[in-house]
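Every chain is named by a letter (A, B, C and D) in the order it is written, and numbering of its residues begins at 1.
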Amino acid sequence: MSEAILKVSGLTKNFGGIKAIDNVDLDIRPGEIVALIGPNGAGKTTFFNCLTGIYTPSAGDIRLCNPKSGLKTKLNGMKPNKITEKGMARTFQNIRLFPTMSVLENVMIGRHCRTKAFILGAIFRNPATRREEEEIIEMSYDILKKIGLHKEVNEEARNLSYGAQRRLEIGRALATEPFLLLLDEPAAGMNPKETEALVRLIRQICSEGHSILLIEHDMKLVMSLSDRIFVMDYGKKIAQGTPEEVRSNPAVIKAYLGEEVDA
Amino acid sequence: MFPLKELKRSALIALWFAFLTFPIMVIKVDPIERTVEWRWDNMFFIALGSFVISILSKVYLIRKERRAGRKKGNRSITEPFMQRILREPRFLYPLSLAVLVFALSFPYLFSTYQTNIMTTALMYVVLGLGLNIVVGVAGLLDLGYVAFYAVGAYSYALLNMHFNMGFWAVLPIGGLFAAFLGILLGFPVLRLRGDYLAIVTLGFGEIIRLILENWNDFSQGPSGIANIARPGFFGMDMSFAGGITYIYYLVVGLVIVTIFVVNRLQNSRLGRAWLALREDEIACQAMGIDKTKTKLVAFSLGAFWAGLVGVIFAAKTTFVNPASFTFLESAIILSIVVLGGMGSIVGVIFGALILILMPEYLRALSEYRMLAFGGILVVMMVFRPEGLISNVRRSYQFKKQSSGQASDRS
Amino acid sequence: MDYFIELFFGGLTRGSIYALIALGYTMVYGIIGLINFAHGEIYMIGAFTSFIVATVLSIYGFPVLAIVVIAGLAAAVWSASYGFTIEKLAYRPLRKAPRLAPLISAIGMSIFLQNYVLLAQTSDFLPFPALIPEFAFMEPVAHIVGSSDLVILVTTALVMIGLTFLIKFTKIGKAMRATAQDKTMAVLVGINVDRVISATFIIGSALAAIGGLLIASHIGQINFYIGFIAGIKAFTAAVLGGIGSIPGAVLGSLVLGLTESFATGYVSSDYEDVFAFSLLVLILIFKPSGLLGKAETKKV
Amino acid sequence: MKSALKKKLFVTAVALSFALTVPVATIAGDTIKFGVAGAQSGDLASYGIPTVKAAELVVAAYNAKGGINGKKIELLIEDDVCKPEVATNTATKLVTDGVDVVLGHICSGATKAALPIYKEAGVVVMSPSATNPGLTQSGDYPNFFRTIASDDAQAKTEVDFAINVIGAKKIAVIHDKGDYGKGLAEFAKTFVEQSGKAEVVLFEGVTPGAVDYTAIVQKIKRKGADTVIFGGYHPEASKIVSMMKKKRMNLNFISDDGVKDDTFIKVAGKNAEGVYASGPQDNSTNPVSIAAIAAHKEAYNEDPGAFYENAYSAALALLNAIEKAGSTDMAAIVKALQNEKVETPVGNINFDAKGDAVGVGFAMYQVRDGKYVEVK
């Protein structure tokens, strides 16, 4: 087995006196689909925000290792855009598309960190810029085809259906050419048919060489898709392992049952 | 028929305004002579005026509702007239050509005075387009834009006075100075959000003006710098009217260049990043866009145009003093952008022409013109909050089968 | 030391003056997120109304105390009416509009109101009657703190306490806080948001009017332009203290007033405003949401 | 009130008709085009409107006599709001309309901006109120004249008075950071320093419109000044004077033409008592001045406003020069202005080579019992 592409050790995040994340370890190996589950408020999204640089972790270590170049980077304290450049992209739980930009442009934004044209290039449109622009459009269109939105290229993103918006977020993240994709509740609000299509899409993306870390509440999706599962509760990691292992873990059952009883 | 209920409502509104304006409109006191003048006729006019306006606006609303009811469902087909013209090249090109021909023949059709006014208006077009990059496209609320304008103007005034530098040499320098200052200021403040940024830029604009006012050794203080050279044309000596026409063409040229550049910028990698930044900063960063750098570029590019126009302003007026660079000036340029339609080039052009030419032609209203100006600003915003002409995003055409064959039109 | 104390009290008075206007700014901003540029004009209208009423009453021979009370009430009532009307006409239709539209509408309203008063009254400066009497017991310290300074200081303190009480403990205050936090939720729990916003404008405007009366009486003159300059400063103060926060507005105003006073006293009044704005920039760089503003938590 | 409104409508209509006139239509020669430019709206309108009235009265009187050399005089009135950038438009408009001479502009900044345009067009300009010394002393504008003395002359009058008459030793020079006030204050400072008899203990500007002047007043006290020389306009002056009274300070307060205005006394009330201000020499015994004021009272039923006499004088001087020169050619008019004396409300004047009126100067006044009284 090759080296982990993401290795998180002892990650802790405090808000005031509250430990939203408490000493969590996690690792992802190339080609894996890993799920992060846990009851509401367990700290999953906070965990994502720490990974992607939106929050600065209070303690711990986040290391990213590019499987192709073997380049290792410590992500703590890095700006979100730098982290994306390093090859880790994400989607958001509460969809954050660019609402009045077109579907195609949303994906084109994802190409930003992989392209170079600047002020002078934009003004003079020299051959290099033009070529780059064509490549951006081409590649973005290919991604739209992959996620099935190529018929809506010029539609404003806010006019898309909920499921389509979620897919567009994935497409936009893919455009940044990540080797690790973080999906925050990608199936939330989808109907069963859309969920099915999403599962196919995630499998396809994974088969194309992107590793995936996802947060999800849809247990059926998680169990059928994931290679390994990490479980969090009250900011702590309470279990990890294959779907079978996790399913039979008493701590996990207690966390979920406890939640159900409470509700 | 007009319902009675609405008449009653309008009557109540009239009463309310009669009450509201009572102390200011009706009573006029002379505290020295200790006399009071009761101007009851004013109350009558106010009541009558608000009654009529309230009825008219109600009629407008009712008709609008009816129209909206009829049109429900096919909104996308009845695209606004202007939008269609802008989207269709077969309309846009001939129209642009006609505008260009008109602009070029303007000095021959109208008097020197009219040309001079038009030059001023066109300068504001460029200022508006520059600020549009900052506010309209990148969404950074800048209330101190006039500072960069002042930097450009004083660059030329000072370099001309001390080193006898010519207009053409200073034109790029003034722009670059302003852009540099934009970076310098932007660095600490651009991480502020929304309205905090607004007040800091406002303060910065005031600081620049106050420095110009107080630092006599540097800027000659409030009495300003006079006798600034007009722009030359290969050393040619020009008559007075010739000079005005010349500056006019110069500004027309600058407008064309600005439109070209701003248009290209908007439809580039950078322009997309600005738009994305305006819509969602966090998502933007997560997509790998360097927030600070992108904002700084927008800020300093906007400043660059202000600097250029500042140089032209100094050359045109041949005199600069700090009084020309007050907050009101920033507010007017901002109004141009918002009124025209944020992010829309054509909108900004319209906005500038309307806002700058309006007070000139409102001169007939003499002392009422600023009142009208303020009122019109409010009314326009209430009726068209998204501006006169909203931005037309570029659309892309793809041939059905092959993915790569992308052709686009702007 | 004497000089320091003099400057300190001078700065305190100046800060209190800003605070009376800044409170309205901060309330409106807190609730609808709008920089209400016309607020300075409301203050000006308050000053004018009290000027007109006071002069008329004094011509008809009313006693001073009655003049103060009636002029103050009239100023509050009319300013509140203007605030209410302006919100309804120029801001309410724009509540769902793009963010900058209400701002431009406010700038337009500010220009309109200035010229309205200019045309209906005069462009000249007018002498404002001294409504605040010279207290005999203040005479020994009059060279440091005058009677009007005292009244302004006390009023500002009372207004701040009253306002804090109103926001914390009354029904309308609670509704205001709810609306400020989340408009949609406020509607869901049965708060009439339109009513609350109107109330905010009414209260803020009435405060500005009281400020108008006190300040004009302190300075002794008014014209149609006083609102603009005072408004910009008050707004700066509100932002400095953390816009949306009531104690913040007062603290910001006092800090601004003291800074200006000491800058003039120990450096030069040439650069008084440069100091004021530089302070603002510095504070915002290190504390991006002002002195007492709540740090914006990024919700992702 | 009614007639004033009618007047405004009339002026408006005139201005409008000019705005619509295409310049080609006007053929030079049938009339003498007499331009009037200055602030006629905005916050400085009160300084510009009296000039318009003076021009109207003088021109009406001339036309009633049959004009000049058989030509009627036509008024072209333009507003510049006292803003330099607007003033260039105003000047362009007047030049385009074929103006022969211009009475204006009112503010120094606007005048400076407009002058090059008139210079190139060969138009003589005479201001009733632009006092910036550079306008005449720089020698840049051979076409410029004025019927008011320049700021440095005024500052000299103030300083001489402060030192020699009231025996000031420690002088605080305060200004309003404006073009006029600061320029004046700088001259005052220089003159005090040159005299060697007194010292400038403080030289600072206040922000116009600021809500409170306590700090600067405390600073004046701390510096131990016995006299304040203030350069600026009356609103700030009355605020400072009142604040000084509030702080129980009793200093000599000397100010300028911008304060020698009855509005100052009205606004400052009893705090104004004892304040000194320099202003144009008293012309109340001059028959031309008496006639000019009487004409204004008859036409408008009120006392004339600021710079009325200067404007009246300028209009008389300009028209007299055209008459004497027998043409509207710039060189001829300039020569006539320099050589031909003319009786005006500000005295029997001609102009020196730089453009300043010979024999027009300043006198000192003091507020006594609510009135400005000349101090001899």
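By our rule, a residue touches a chain if its C-beta (ideal position, glycine included) is under 8 Å from a C-beta of that chain, and two chains touch if they have at least 3 such contacts.
The structure displayed is predicted, hence computed values, not measured ones.
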- Task: Walk from subunit A over to subunit D along touching chains and report the minimum step count.
- Result: 2
- Query: Across the interfaces C-D and B-C, which one involves more C-beta pairs in contact?
  - Reply: B-C
- Message: Measuring between Cα centroids, what's the chain most distant from subunit B?
- Response: A
- Task: State, to the nearest whole Å, the distance from the C-alpha centre of subunit A to the C-alpha centre of subunit C.
- Result: 48
- Note on the structure: Distance between the CA centroids of subunit B and subunit D (whole Å) is 35
- Message: Taking the mean of the C-alpha atoms as each chain's centre, how many Å separate subunit B from subunit C?
- Response: 29
- Message: Please output the residue numbers of subunit B that touch at least 2 other chains, ranges allowed.
- Response: 31-32, 214, 282, 367, 370
- Query: Which residue numbers or ranges of subunit C touch two or more of the other chains?
  - Reply: 118, 126-127, 270, 273, 298, 300
- Item | Residues within subunit A bordering two or more other chains | 54, 92, 96
- Item | Of all residues in subunit B, those that touch subunit C in their complex | 16, 19-25, 27-29, 31-32, 34-36, 42, 135, 141, 188-189, 191-196, 198-200, 202-204, 206-207, 210-211, 214, 282, 327, 331, 334-335, 338-339, 342, 367-368, 370-371, 373-378, 381-382, 385-386
- Item | Contact footprint of subunit B on subunit D as seen in their complex | 8, 11-12, 15-16, 19, 22-23, 40-42, 45, 79, 83-85, 88-89, 92-93, 95-97, 108-109, 112-113, 116-117, 120-121, 132, 134, 140, 177-179, 182-183, 186, 205, 266
- Item | Residues of subunit B defined as touching subunit A within the complex | 261, 264-265, 268-273, 275-276, 279-280, 282-291, 297, 301, 393, 395-396, 398, 403-404, 406, 408
- Which subunit D residues qualify as touching subunit C in the complex? 43, 45-46, 177, 204-207, 209-212, 214-216, 218-219, 222, 234-235, 238-239, 242, 246-249, 263, 266-269, 271
- Query: Mind pulling up the subunit C residues that touch subunit B in the complex?
  - Reply: 29, 33, 35, 45, 48-49, 51-53, 55-56, 58-59, 74, 78, 81-82, 85, 89-90, 93-94, 97-105, 107-121, 126-127, 129, 232, 235-236, 239, 243, 270-271, 273-274, 276-278, 280-281, 284-285, 288-290, 296, 298, 300
